[in-house]
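Sending over a structure as structure tokens; questions will come in a sec.
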Amino acid sequence: MAEMVYIGVIGAAECSGEVAAHAEKLGEGIARLGAVLVCGGRGGVMEAAARGARSAGGTVVGILPGNDPRGGNRYLNVAVATGLGDARNAVIARTCDVLVAVDGGYGTLSEIGLALKMGKPVVGLGTWRCTDCRGKDAEVIPAADAEEALRHCRLLLGL
Amino acid sequence: MAEMVYIGVIGAAECSGEVAAHAEKLGEGIARLGAVLVCGGRGGVMEAAARGARSAGGTVVGILPGNDPRGGNRYLNVAVATGLGDARNAVIARTCDVLVAVDGGYGTLSEIGLALKMGKPVVGLGTWRCTDCRGKDAEVIPAADAEEALRHCRLLLGL
Amino acid sequence: MAEMVYIGVIGAAECSGEVAAHAEKLGEGIARLGAVLVCGGRGGVMEAAARGARSAGGTVVGILPGNDPRGGNRYLNVAVATGLGDARNAVIARTCDVLVAVDGGYGTLSEIGLALKMGKPVVGLGTWRCTDCRGKDAEVIPAADAEEALRHCRLLLGL
Amino acid sequence: MAEMVYIGVIGAAECSGEVAAHAEKLGEGIARLGAVLVCGGRGGVMEAAARGARSAGGTVVGILPGNDPRGGNRYLNVAVATGLGDARNAVIARTCDVLVAVDGGYGTLSEIGLALKMGKPVVGLGTWRCTDCRGKDAEVIPAADAEEALRHCRLLLGL
């Protein structure tokens, strides 16, 4: 079996139609790259990305905060019910080779921080902009749209 | 998409050929039931069960203790690198609808305890026998072989 | 500051008066050894042990499954609200240098398994008896009463 | 026993002398408030805050990422070895009633995100500035120095 590549899509459980359209296109592209899409398994950005990936025949893993593997959106091939609450964000970051942050709330902010702490590349698509006290930006690679985010993923992963 | 059913196979990372044969048959049967096989993703019982499930076209999820999604056996469709160490045993138990314990060491013992604590049915195939201080056995459903374990899984899950 | 020694008392959240009396005596003795008492922070055995330790001026840490640090019993000096559910059992086992299992249900069984997997000594006071499929008992050190359990702790820790 | 209040000090494992001086003053003030100081248990900001709290007779809890309760700095009264890696950041955020972020790297960024996601107030002392894609700042309460951070803590906690 070929080694799997894992790309995370992180974003909030609620989002606008425009953001969902970006996430869906991103999910579709991830599936076309042959990568497994990892997400938090819930609604909003996670669901849109999952729907996109499934529409292109991809594999979607949802890593859920709660206790019920049936608590995720309906586009997951596999749901992992961690029962860990927000600590599951660290499991998402840990599993992924690259993460793409789309828009997002505080959970997404935490995942950006966790992923960068773990040395994982993070691509940002209209997401948080973070600057430390010395004026240095967090090393999130900016992308203007799903296509550019996917180009970054391909380059980062050598696909 | 039909709701997925998750069956865990728990057992040690090293095992005899005889135990591996049981685990492989069990994995094959789980795939034929259409269930997702969940395991700890490593060698021994986990690898044998995964190999069996893949041989029957099934889906195998490995929930790994370490940081590397490439740290699992080669029969996994999806590897989740939790980075949680032994706390990942709780994630395995939480995700599964039923667990089958095959032989096993202390990690397996902990998974039996965690699953029963969570109210998940556990089938035992040549595994730990545990009796509390009042002489009451842990509610592990005994199975003499892989076929009987699979029959229990089917009944428990209404498949 | 002297290095702290951590002794866990694991047991169910409900217990008989007799079991509570054992746990309380155990907690008192742990405090007299100068060790920190670590427990799951809830009722039953955990509360009785905590009460005993506090009565002797000891320090008690409760590692809680839930989200609220005020969700523990009233004898805790420090409550850690893990929000991890049953995965917190692994945190308890990981922190302790020795664990004493008193009576107990499935959660205790899981903690015994986790601690032994991590190579931590476990003393058993009227707790689970576990035998693997080769007839080998889990390496729980039996104690007839709190005094004997404390003697084992002292020997194991070189106190 | 009076209900404990938990104040977290989050920041990087390495920091300048100036930042350490802020953190130490902060730790001292937290102890004088009668609150338990919660931190990640390691060096840099965590050690400086812990040292300050101990100098004022306070209680310091270190929630460590690794497996060894002896792996923390020497100012901890209690060390919890979670063995969870970076997922321990969620345990820190969960346990605290208020968190103060001092300077900090990506781990601190993740803790800010986790705490805000959990609805916990976060005071920032020369830390990350984060703005979402709509130009809205993360709700970190700015403080110019340790005194101002402590005033915020008192107000937030009604002390």
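For this structure, a couple of remarks:
When the chains are written out, they are named A, B, C and D in that same order, and each has its own residue count from 1.
Keep this in mind: a contact is a pair of C-beta atoms (placed from the backbone, for glycine too) under 8 Å apart; a residue touches a chain by one contact, two chains touch by 3 or more.
Since this is a predicted model, take the numbers as computed values, not measurements.
Counting C-beta pairs in contact across A-B and across B-C shows that the higher total falls to B-C. Between the Cα centres of subunit B and subunit D there is a gap of 40 Å.
Once the centre of each chain is set as its mean CA position, subunit B and subunit C turn out to be 28 Å apart. Along subunit B, residues 67, 83-87, 90-91, 94, 118 each make contact with two or more other chains.
If touching chains are joined by edges, the resulting network of the protein chains shown connects every chain directly with every other. For subunit A in complex with subunit C, the touching residues are 67, 83-87.
For subunit B in complex with subunit A, the residues that touch the partner chain are 1, 3-4, 6, 36, 54, 59, 61, 63, 67, 69-70, 74-84, 90-91, 94-95, 97, 118. Against subunit A, in their complex, subunit D makes its touches with residues 84-87, 89-91, 93-94, 103-114, 116-118, 126-133, 138.
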